[in-house]
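Residue numbering begins at 1 within each chain, and the chains themselves are lettered A, B, C and D in the order written.
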Amino acid sequence: MAKIKTIGVLTSGGDAPGMNAAIRAVTRAGICNGFNIKGIYRGYEGLINGEIKPFTTENVSGIIMQGGTILKTARSKEFTTPEGMLKAYETMQKEEIDALVVIGGNGSLTGAKIFAAEYDVCCIGLPGTIDNDLYGTDSTIGYDTTMNTIVECVDRIRDTAQSHERIFFIEVMGRDAGFLAQNSAIASGAEAAIIPEESLEFDQLARFMERGIRKSKKSCIVIVSESPKCGALYYADRVRNEFPDYDVRVSILGHLQRGGRPTARDRILASRTGVGAIEAILQGQRNVMVGVRNNEVVYVPFSDAIRTDKPLDMKLIKVLDELSI
Amino acid sequence: MAKIKTIGVLTSGGDAPGMNAAIRAVTRAGICNGFNIKGIYRGYEGLINGEIKPFTTENVSGIIMQGGTILKTARSKEFTTPEGMLKAYETMQKEEIDALVVIGGNGSLTGAKIFAAEYDVCCIGLPGTIDNDLYGTDSTIGYDTTMNTIVECVDRIRDTAQSHERIFFIEVMGRDAGFLAQNSAIASGAEAAIIPEESLEFDQLARFMERGIRKSKKSCIVIVSESPKCGALYYADRVRNEFPDYDVRVSILGHLQRGGRPTARDRILASRTGVGAIEAILQGQRNVMVGVRNNEVVYVPFSDAIRTDKPLDMKLIKVLDELSI
Amino acid sequence: MAKIKTIGVLTSGGDAPGMNAAIRAVTRAGICNGFNIKGIYRGYEGLINGEIKPFTTENVSGIIMQGGTILKTARSKEFTTPEGMLKAYETMQKEEIDALVVIGGNGSLTGAKIFAAEYDVCCIGLPGTIDNDLYGTDSTIGYDTTMNTIVECVDRIRDTAQSHERIFFIEVMGRDAGFLAQNSAIASGAEAAIIPEESLEFDQLARFMERGIRKSKKSCIVIVSESPKCGALYYADRVRNEFPDYDVRVSILGHLQRGGRPTARDRILASRTGVGAIEAILQGQRNVMVGVRNNEVVYVPFSDAIRTDKPLDMKLIKVLDELSI
Amino acid sequence: MAKIKTIGVLTSGGDAPGMNAAIRAVTRAGICNGFNIKGIYRGYEGLINGEIKPFTTENVSGIIMQGGTILKTARSKEFTTPEGMLKAYETMQKEEIDALVVIGGNGSLTGAKIFAAEYDVCCIGLPGTIDNDLYGTDSTIGYDTTMNTIVECVDRIRDTAQSHERIFFIEVMGRDAGFLAQNSAIASGAEAAIIPEESLEFDQLARFMERGIRKSKKSCIVIVSESPKCGALYYADRVRNEFPDYDVRVSILGHLQRGGRPTARDRILASRTGVGAIEAILQGQRNVMVGVRNNEVVYVPFSDAIRTDKPLDMKLIKVLDELSI
């Protein structure tokens, strides 16, 4: 393989706070180690269409604390087709981009894995997703910020829940992973969490009700993981039907969970993995995601990182149960 | 009228950040001036049912920065009936409460006005509502905090709106008053606000579209005042139908707008009007709302305060129009 | 006077949160009304040295929520000399700048007043200072944000003060004006404020001690206005000497009071006065500061705005006294 | 050893955000598992003097999000003497406290270790310190919050540093450990950190200057770990002497670093280790600190936890160097 001179960086999929800190780290560590850096706009779309700009340290100045991504992001259907991948590869050749740093979640790293296998290009992934559903890293870039945003929102809602003595079902993001719901429930002192990982037989709402909603407590907060089938509105309706004397409200936190200044921890994770991506390239690593485990930077093969079974710690259910008595 | 010895304080209607600071101010200034203070729970409900507790300075210690209301709040249907008012009056006699300080919004002060007229009791109102729809005071307790909460949420949503280049319709509280929508749109740098005060003929969304959504801008934010008829979901659907190539999203901020630590300004307003309520009683004032106008504490007769025509400053529409080019 | 075609905008003196929102408003409202806008860097220094750049709406995009000033700021000694003013005037002629919008505090507006008198140029001022010491406007741009920053810091310090049962003297900015100290003391529930406006005979610390520090309270917070002679360190030493069994600590908040995202209110004030500056120019106004009084935009002659006697509301001392019992 | 029926809980040493969440977790998990819980006030002082109160779940309601410690805290000299320890032991017998949960840092756990050895009592420690200097746990309760507080302050100071083009030396807590300085420097995008762990020969300030302060950058931020010998003031003076044309400022963040609402992560760590303390007692563990490593709850013998050599990750220096170019 020829020596790598130019590295392209892109953000892809759902945006996450800390992506800018990652772009900054890749750019600065890259330049510091003698590489040219090119910013690719709108994820794989921009790679296909050639929306690309050379980056200097100036381009990433003052962005470490900004939410969102200055490179924009998108979900590219075209990149999932052979024609799209070919165009992307041709852009790389035309722009003389030798390696790609992809900052994104499960879908984006899956794309990188297939692209790298097909065209034998060097792809390095960074775990950029609020969902924390990538395997091989203790946390993903954006997860800590989103968790704190949720907790701050729940703190606010509790003020009004207690004042009016209401039951609130609060729906949070997380797609198929309950990390955000489970952990933000513990952190916010919520009374219960309803998460996709627990089995259907084990009806969480029923269990919660058996324990007696508002037994001694006058108000209560239930965190619900978003779900196409049964989100917060569904559970609120069920409680309203079965317990008509409760004053039940719903809050769907929505897109505000994606934005905001990244926390210290997300900025550090983004900085370390960004520097780690350049080190990986220098070491001749290919097609790995850079993560942090046990406070050490690690390289995780794409196929491991995107395994769909990152397990939720079931002991956390016990923690929530004991602390919400 | 007999000398006032004991003052009851209650919060009523929708909760607002700063209500606790107001309870603290009434209690401490009252005690400081020789009165007994009694806390009445759950608004007029507690006055009817006798949920009342003597308050010392200790009861209000450490609450100035807490959202919600330690006295709880409720909307009382019973208090709108002659029987309910009679019970409330009897509780006052039994508890030897000579004067009532009511912290609440339009509905709560209307209740106080009728009660005071019917039973010749001394009622003093404090403007406690996030809606800013009381006449005679430059601001209401809670309005500044809620506006800052909204602006913080919009700042977050803009991060993701820009990253994905989307149009967001963000629905905010305010009931029949557009203060929150109009001012938070200016403060957040939104592209437009849709408020109930503007006439139907003058279609705000159409005007906004004529000016060309996303003309030069790739993303855009529209703040929508909540409304039973046509909220953010309605406008989003209209845009989706008429402009199918736009990526449109909706965020309904909901109850988190009610909570949170009050801002400095709301704490000061609550403290000054709380002290002002006790001064009003010492001066023999009755049946007035305490407000702050032009940085001076003022007493506003209930009938003036609850006038339904507090006007929105139409010049602000020009400010928003010029600054969102 | 010739028709005004090009407007220069600069920020001068100590920076204040909301200055960027003001630059944005002047630029956009100016362009919207047909003017050319030029950004002048580093205050009057840049006017003297010709550090000037044409501004489009793009230059001020995404800055409404940023602290500091993108135009940089400085205190210019040279501009206080006749030679400096002449150079500044020559730059204006060379750059064809017909009017100047100066965003700054007392010193900066004094400079504008003298310059405007000397060279017959159109100067419009915006009240940009955290100190709130300009006459004719209810508030200055930055004051509300700084007050909230202080209150947030005091909230934090109270946590540790109570846990360790200590007396804290917290020094805040404000130069010769006690607005920040007095109002942040009320808003944070502090036990006392020591401000420059109260007379020396009336020893505030002595009064505070007579009332009995920590009588019933175990911890206590005193807000001290910065002062060359006797700041927080001085008072802490006095208490340590006279009351050796107290555990006394000092916190000097310092420059963090100047930064941070502006509050909703500062952004709105900056937006309204920025639009007002352009309106003033269109109306043929000259040499006035744009302020907001009683919720109306007003034009205040420079000589009035910089009067040194903006009075502190002495009733606020009573509010603080009664509420800290 | 007799069966444990009653558990006492105390906080000791410097307060840290999240201590209340830990008290809540110990209390609720304790009660949930059939123990009696007693709250001990003012750390070991209260154990010596018998300042003790039975705790129900109500006592810890609504405290998960509060900074500081409702149990108060102190550094007890008396407890370091044999007489003090004896008194503490006698109180435990009198109050029938069978086991002690100590929430604190290095000094507090050292005290627990000696006490447990001397009197054969069951002591369980929780890592409650902002300094992150305990061995065997990935993080300590309070560290994440303090790091975020510092980063927020630096974000604010950068606004004014950039506007005025100044060099700021910002002093942060951390005693003999540079974790806070090193990591907050990375997270805030600071240009350098000066930490106690690096050797004296390797003069960090000199290195920083050689690289050229303000080479291309007009403003710069240096984070300095507090130190009795040479803090931020010392370094600022050196730079002022050697580079008199720089505009150098100092900010000592001080006690505000200790307070504030705990972050999600600190609340979760406190909740998990608090539940873990009760599990440890149920399992018959004694004289261990409960920590979290690699996302698993672990028990660390006191003698390991208080080892003084918890190493700073020297790779982080490289991260900071590469990213501040």
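Convention: a contact is a pair of C-beta atoms (placed from the backbone, for glycine too) under 8 Å apart; a residue touches a chain by one contact, two chains touch by 3 or more.
Bear in mind that the values here come from a model prediction, so they are computed numbers and not experimental data.
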Chains in simultaneous contact with chain A and chain B: none
CA centroid of chain A to CA centroid of chain D, Å: 28
Between chain B and chain D, centroid-to-centroid distance (C-alpha), Å: 40
Gap in Å, rounded to a whole number, between the CA centres of chain D and chain C: 36
Multi-chain contact residues (two or more partners), chain C: 155
Topology of the chain contact graph, where touching chains are joined (line, ring, star, complete, other): ring
Every chain pair meeting the contact rule: A-B, A-D, B-C, C-D
Partner chain B, residues of chain A touching it in the complex: 11, 15, 17, 19, 66-69, 72-74, 149, 153, 155-165, 168, 249-256, 258-260
Parts of chain C lying in touch with chain B, wherever the complex brings them together: 24-25, 28-29, 31-33, 57, 64-65, 138, 144, 147-148, 150-151, 155, 183-184, 186-189, 261, 263-265, 267-268, 271-272, 274-275, 293-295, 297, 313, 315-316, 318-319, 322-323, 325
